[in-house]
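What follows is a set of structures to go through.
Okay, so chain A shows up in both of these, paired with chain B first and chain C after.
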Partner chain A sequence: MNKMIKSFALLLIVSMALATTTDSGEETRAKLLVSKQILNKYLVEQRDILVKYTLYNVGTGPATHVSLEDQGFPSEAFDLVSGKLEVQIDRIASGTNITHVVIVRPRAHGYFNFTAAEISYRPVESSPNLQYAISSEPGEGGIVNLAQFNKQFSSHFLDWIAFVIMCLPTVVIPYSLFLKSKTKYELLAQKKKSN
Partner chain B sequence: MNPKVFVCMVLCSLVACATSCTVQSTFYTTEDDLVIANQIGFITEFKLKCKSEINSIPLFAEVNGNIYPVFRVKDDYQFSWTEDRTTAKTGSREIRLFDEEQFANYRKSQRAGETPTAKELAKIYVKYSGSFGSNIFFLNSESFVLLLSVFVAYLAFQNRMKLVS
Partner chain C sequence: MKSSFLLILFVLPTLLLFIDSGNKIYARAEDEIDEDLVDVENEGDNEENAMTGDDVEPDEASTTSPDADTQLLFVRPLYNAGTQLELPGGVPVEFLIGFKNKGLNDFIIESVEASFRYPMDFNYYIQNFSAIAYNREVKQESEATVSYSFMPSESFAGRPFGLNIAINYRDSNGVPFVEAVFNETVLITELDEGLDGETFFLYVFFAAIIVLLLVVGQQFLGTIGKKKRSQTIRKQVETGTSNSTDIDYDWLPAQTLRNLQSSPNGKGKLSPKQSPRQRSKRAAKEE
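Presenting the complex of A and B:
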């Protein structure tokens, strides 16, 4: 009986220890989900492209030493207008999300494959082991030629001014002729009345 | 520098007396409605200089009543967010910067249901002057030309009616 109690106590201690390690392991592990989105209706040469990265910590512990790097916008194809493509953050608490925004401008038109960003972080704060991950991939997008885009979408303000100027002679010349004859005959009528 | 790049150098935008921190910031907001779908991007990059000479401390920023951690770019910082175009109001956005200690105080008072009274390290202002699509004016140029021609036709007909009568 005594032996049985001892073995039961031992089993209880072992199971408790196991439960604590699994619990603590589950409690303190961070898990980051990263989305990369292009928030544009049209991708146009030399016009802004709004890129938004959202980092969600769906794990049970904080993610530390988080580093986000996007090599998907090479300097020969894109101008970086604002924001940085390589950023760090010390800590992302569990259950929270943060966003990072970058604005780039494509230098040329054509098809471009928007690839994923790379992320590294420490899932367990006390452990120096890094977890590497990649974000979602926006995929291939067609960048429209600026002249083509303007042809379709610009206000054509100057074009309309030119059109009005071109229309003016056909309206103004007959009107001035009419006005001229009108004043002439009105003067004649006045003269007749006075006589 | 591109003239459309709406970058404003705000030198020493605020010197918080309590902590003697100065912030040097630049900002950019997207204004092109025609190519960007329903979102306005706000980006501010800044350098923080404090008396304590620790220039790369973890920072937290509060904007529109929400507080987020700030991304670090070597010794500088970047804080960025997006807003829905339909709800984004024109004008200045105030960003309050907190260090870890002040952030803890902020959260504490938030949890207690009180208005956070934590003193910020510094403030940054990001100006948003509205976005536009293909037209700077509220009217399309083709509609404007149509209205103009209708007006001219009206004048002509009125004159004709006068003459006939």
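Presenting the complex of A and C:
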């Protein structure tokens, strides 16, 4: 009987060991999904464009040595206002995400193709193998002429002043006529009183 | 006997562990869904399916490449695997599809399309969302992400739909593949906001009606009171200005009063009884 129990225990240990090995066989691996979004509704030349990169780690392990590089905003077409187009992120834990924001300003109007950013990371922390990935593409967007944009959306302050000046004659002339006759008759009434 | 029973008790779980049957059952279930999808793609006489439907063979192996690995992630709304996905109606839904090329050939992600289907029969299309063409090249041992967003109609709220998301890609040899990255029943929910514009203006309208009723009521009550008063007044006899004691001259300017009293016609009487002829004469004199 004692021997039997011992054999059971052995069997148990062996099965446990096998179970753990099968578990560790599934190595933890990071997997990044990267979205690149343009948050602006209108893309206007000389105006800020907000670009958001979100890195989602949907893998089982942490992604390390993450580097994101966006060559989609060449310096001859865009001014970098804020943020960096090349970022290094040390670590993205599994099941989390990281957001990176860049503000650029287009120099000219016209159509521009917003391309994907490039990412490289270590999917397995212990091995130096890099995984290369590309983000989602916002696609082609039309950058509006600044004058055209102002025509539609500016406050038109000067235009309103011009409008007021143009309106003045129609208001001032009748008022002056009224004032003239009023003073005239008031004088008459005073004369009557004195009489 | 008892010990052998115990032995079986130990051996059976270990055997199950070795076989790892649990996962395999799930995997098979998914494969079956894929098979359904293939049939759908072939049978569907929809124009959007035509591009894939023509090329795809019913053979299951040809639909997905073993070198490709796809992953779906709902960005908005958030979704936990294993639960039923609930999409709010009238609000855009965003998801990302990660595509990993594990093989040696390059892949080209051609398009992603989503469609709502009848949950009882996935062959029956209810709504097709536009297939977005990406044409992204994914080099070997590389990954790519594509994003897709669509908006379920508000009028679908409260009904379950079969949501099918399919990614079409081909390898460098031009062999097309289709993979259904999502093929489940989703529930379109109604988004109840605390106070939307419609109800707000409904209340404003109600308030306006109440104010209007109050005004009308006040007017009505006022006219009833006036009628009573006018009836009592009517009994009096109109005497005109003959009785000069009860005439109120306060409203007349002092100048006019003085003129009236000093006028020779009036003889100290306050009533301005003056013939128009005399009036015009005096006016002429003044001028």
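Operating definition for what follows: the second predicted complex is superposed on the first by the 168 of 195 C-alpha atoms of A that agree within 3 Å, B and C clash if a C-alpha of one lies under 4 Å from a C-alpha of the other, contacts with A are read in each partner's own complex, and residues count from 1 in each chain.
Definition applied: a contact is a pair of C-beta atoms (placed from the backbone, for glycine too) under 8 Å apart; a residue touches a chain by one contact, two chains touch by 3 or more.
Just so we're clear, the structure is a prediction, and the values are computed from it rather than from any experiment.
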**OP:** Report for A:W160: first if it touches chain B alone, second if chain C alone, otherwise both or neither.
**Re:** first
**OP:** Figure out whether A:Q131 sits in contact with chain B (first) or chain C (second), or with both, or with neither.
**Re:** second
Original post:
What is the contact status of A:Q88 with respect to chain B (first) and chain C (second): first, second, both, or neither?
Top reply: first
Original post:
Given the touch rule stated above, what does A:A77 touch, chain B (first), chain C (second), both, or neither?
Top reply: neither
Subject >> chain C versus chain B, contacts on chain A by residue >> reply: B
Original post:
With the two structures laid over each other on chain A, which partner does A:L146 touch: chain B (first), chain C (second), both, or neither?
Top reply: neither
**OP:** Please work out whether A:K31 is in contact with chain B alone, chain C alone, both, or neither, and reply first, second, both or neither.
**Re:** second
**OP:** Indicate the residue numbers of chain A shared between its chain B interface and its chain C interface, in ascending order.
**Re:** none
**OP:** Flag every residue of chain B that touches chain A in the complex, lowest number first.
**Re:** 2, 5, 7, 28, 30, 32, 34-39, 41-43, 45, 58, 68-73, 78, 80-82, 134-137, 140-142, 144-145, 148, 152, 163
Subject >> Touching residues on chain A, where the partner in the complex is chain C >> reply: 1, 4, 8, 11-12, 15, 18-19, 22, 31-35, 37, 54, 56, 58, 116, 131-137, 192-193, 195
Original post:
Within the complex, which stretch of chain C touches chain A?
Top reply: 3, 6-7, 10-11, 13-14, 17-18, 20, 71, 73, 75, 96-98, 100, 134, 136, 138-139, 141-147, 255, 286
Original post:
Where on chain A does chain B make contact in their complex?
Top reply: 39-44, 47-50, 52, 68, 81-84, 86-92, 98-103, 153-157, 159-160, 163-164, 171, 182
